[in-house]
């Protein structure tokens, strides 16, 4: 029973959500909107499980005095700090000038922007290591990346000119690659993904793929 | 408070960057604060926006009682905290999985398969159906052929149930070449915006914080 | 924390204190010094190239160091690179210059801080160009943090001597209406009545008490609109609603990633002008003859691209010119597919 | 002749309006000017109002023939659509369209209620936002009409047929596979490497990390990722190697816990499962990336799997993983991130290969059958592409119209 009911729910709900695309009649026309609302609520409830899990594991680390347990204290304290401020400030917690907003601007934003900016370094180290003309496929990857990268900055065309090419040639080549070969490749991948998604979803609805339900 | 904030922001910016050299206590501190603050940020935001804003306000003000279904599914999820009846949480989970599967079948089929095939079905030698044959420029004819052939062979590459041998294998080979060029191009294309992110951070450090840049 | 780590932190603190309090500001390298630095970096790259051929591969930290230098050093340099002017950027400039003094320009800020490096310079130059030509600016945002970005850009713009001397006043020369939720529906409602969407401005002043907008009812009272976009809601929505339905004349500034998707609109003349990424921002500065951050950032951008490309070449040189046994060693280290 | 008259008229009107405006500039009161003679447009004909098809009700489609005065520079500036609930009732404006348009959809017609419609051809002149004058002529009335909801959206028939064909093929081949007919599946290098990667972690006595992406359970890529987690966790359990799954979504945590637990049961080692193997970090994209980077550097796993939906964090994670020398196997349907995985990981499952992984790893006949079915769908698409491009190139038939999707 513990497995059959969930399987049944998945199958029925799945079929309903396929049908809603073709049936404009109420209530089918509202299913899509309902689901996104319901999912938002389910997600907002579930995050309590996640938060408790984070605190429990950090507390466990502190209790057992594992290595770096001090940083687990920091995790718990900073979590509590923003949560207490956020709840105390009420519905308008995000207004400019609130404590929550201050934490957002001076702690959260610089941290996530810098983490994001690390990509500049990683893009460089990844291209240094991976873009080697080992075989034909890797060479194609390399040449395409090379040309598009050059074509995106004014210096690229300047280099082209110094090699005797007419002006703006490299940027034109870059645009051509983006518009033709890139379009073709993206389309093939997109169609492939779509077929994979249809097949996977169908297996889930039919109950063939059921590992997400776990054990008895 | 503003100046203190700027110094604090600089402290975190440099702390994260220090990771590039190697793991160290400064990064660990930044990381722990980041995990705690961001987990709490979403915790608070989801509470006020979804539970209070979406659920409570709409139930009490607009009497949208359909939301009660979502709330009961959410509560069933929380029953995991009570181990003996924790298995009930599989119901909302299977609800979510079913709905996702159903929605994705249709969305991907309609907007990826149908639309992409529609876009690929184009005359090779003219700008659009009905135009005289060979009315397009040689430049765009070449482009059209490349797009059509690339899409076709790319799709051949994804065939799973047929061995990639002979002519079929040759096509699959051209397909993977197309895909590799695609990857190279999108990699090169993205480098620019990644660099500008770093430029933005450095402008903050040397301009807004240290005031060294004019 | 080890002793070495502690020492490193102390050094960093010392350097920061030095830079923050002891160094004369701002720092600026003259053109000669800049070229010497560039030459020096090129020389070091060459040495790395030769050493790589000899079989000494550099690690990723060296790559990181060079990327860092390529981004940071140009911020202090006085160096210029030729920036070509593309027609879509010229269009934005021409559209603004064609407006009579006193014309009303609507600027929508639809982005948040992560996209600021690309879009903020556009905003500053646009404000500066408009204000120097005595145009009136109405600011709004469909992204919550957009109007804040506008405030920052406006503050910077008002510091320029030629703008400061005009003694511009809030409410008369420019207005910030703030943010409104609702994405494209906001644009839709603005087609009927601005006031219904923005009953007050950012500071809470009532719409009707702002002399600049008191008589602005809807898009028909706006002479040109400029919109800065980093995603959804963005240029697509503005074109579909404000341009297609209400006939607004509009130009746009976009992040580099989404620029290519906007060209069809440009070709169909639904957009009057388009600035794409940092490149577009730099071109716009050139068109307006107001050299600013983007031109400077663009040097960093070009340098960092060259560094990435240089290291790709170095990596391949090792692969091709190194002897066979080394080649095999690298293959094992570099991984394959 | 007509055109010149119209032009002349327009010119005259503009001038007179402009002078009138100037003379009047001291007045701030909005005043409607008397319209000049002979500007009233001819009314529209053949007005029809009917239920707007293929919708949930609530909207009515109104169509008409253009007024004969609706020409370039003609007398019609726009049309007003008027509505009433009885034929004699008060007509109110429900919308307007610029000249040159001959239809309007009234989206505020409550389902089941009867309405009557009229369309007025309007000629009006504005100057600087002020109305100078407005004249109009109303058409005959059309109605009563009711809006209704439909049970099938005919515009989406092509999608429906396509779905039936594709899903039908998949189901047919699933059933065939059940009967035991062997199915050939080509080699997928990234999936062949899974066992080797798990084995390597065992040999080295180090951990395996499994990263299911940053999307929630409402993304099918996450579902595909955690299905593979089941297979990988079972292998790890059999090899007695610790597999750790840090997640960024609470629902994914719940599902992944169930899956890993089940995998340990299947491997015959239920007691070896530990609750903390699956744990939550933060919902935040970069917060999650920062934490995982730290874990990679400190715990130095031998093997890392990235299977699910990834955004910009893909390269941050994969480069750090690479720097510690872990074997990395990635797979995602997120096209923008595939190039970064290809550059930084040892093996990458490209798009569709991610969705084929669970079938490939388990070798279960039913799952393999679905792969075969999906390939048949691909074959049909390839045929359609080939035939369609030839037909369109030589102007024989426009096949693409069958694939057009109306949103």
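Order as written gives the chain letters A, B, C and D; numbering starts at 1 within each chain.
Methods note: a residue touches a chain if its C-beta (ideal position, glycine included) is under 8 Å from a C-beta of that chain, and two chains touch if they have at least 3 such contacts.
Just so you know, these numbers come straight off a predicted model, no measurement behind them.
K.L.:
Looking at B-D and A-C, which one has the bigger number of contacting C-beta pairs?
P.N.:
B-D
K.L.:
If you average all the Cα positions, which chain's own average lands nearest?
P.N.:
Given all protein C-alpha atoms shown, the central chain works out to be B.
K.L.:
With chain centres set to the mean of the C-alpha atoms, which chain is at the far end from chain B?
P.N.:
For chain B, the chain whose C-alpha mean is farthest off is C.
K.L.:
What is the distance in Å between the mean C-alpha positions of chain B and chain D?
P.N.:
Roughly 13 Å, centre to centre.
K.L.:
Rounded to a whole Å, what is the gap between the Cα centroids of chain B and chain C?
P.N.:
Whole-Å distance between the two chain centres: 23.
K.L.:
Based only on mean CA positions, could you tell me how far chain A sits from chain D in angstrom?
P.N.:
16
K.L.:
Among the residues of chain B, which ones contact at least 2 other chains?
P.N.:
Those would be 16, 19-20, 28, 30-31, 34-35, 37-39, 41-42, 46, 77, 80, 90, 93, 96-97, 99-101, 104-106, 108-110, 113, 117, 119-120, 148, 151-152, 155, 158, 179, 182-184, 186-187, 189-192, 195, 197-198, 200.
K.L.:
Which residues of chain D are in contact with two or more other chains?
P.N.:
156, 159, 163, 166-167, 218, 220, 223, 251, 254-255, 258, 281-284, 286-287, 290, 298, 322, 335, 338, 340, 342-343, 350-353, 356, 371, 374, 378, 381
K.L.:
Quick check: what residues of chain C touch more than one other chain, meaning two or more?
P.N.:
In chain C, residues 60, 64, 67, 71, 114, 256, 279, 301, 304-305, 308, 335-337 touch at least two other chains, as defined above.
K.L.:
List the residues on chain B that touch chain D in their complex, please.
P.N.:
So the residues of chain B in touch with chain D come to 16, 19, 22-23, 27-28, 30-31, 34-35, 37-39, 41-42, 46, 77, 80, 89-90, 93, 96-97, 99-101, 104-106, 108-111, 113-115, 117-126, 129-131, 133, 148, 151-152, 155-156, 158-164, 179, 182-184, 186-187, 190.
K.L.:
Of all residues in chain D, which touch chain B in the complex?
P.N.:
Where chain D meets chain B, its residues are 156, 158-159, 162-163, 166-167, 183-186, 188, 217-220, 223, 251, 254-255, 258, 281-284, 286-287, 290-291, 293-294, 297-298, 335-336, 338-340, 342-343, 350-353, 356, 371-372, 374-375, 378, 381-382, 384-386, 388-389, 392-395, 398-400, 403-405.
K.L.:
Touching chain A in the complex: which residues of chain B?
P.N.:
Within the complex, chain B contacts chain A at residues 1, 5-6, 8-10, 12-13, 16-17, 19-20, 28-55, 66-67, 69-71, 73-75, 77-78, 80-81, 87, 90-106, 108-110, 112-113, 116-117, 119-120, 143, 146-155, 157-158, 175-192, 194-195, 197-198, 200-201, 204.
K.L.:
Please give the residue numbers of chain C that touch chain B in the complex, ascending.
P.N.:
It is residues 1, 5, 8-9, 12, 16, 19-20, 23, 25-28, 61, 64, 67, 71-72, 75-76, 114, 116-118, 255-257, 277-279, 293, 297, 300-301, 304-305, 308 of chain C that touch chain B.
K.L.:
Which stretch or stretches of chain A touch chain C in the complex?
P.N.:
For this pair, the touching residues of chain A are 94, 96, 109, 112-113, 116, 120-121, 123-125, 127-134, 137-138, 142, 145-146, 149-150, 152-158, 168, 178.
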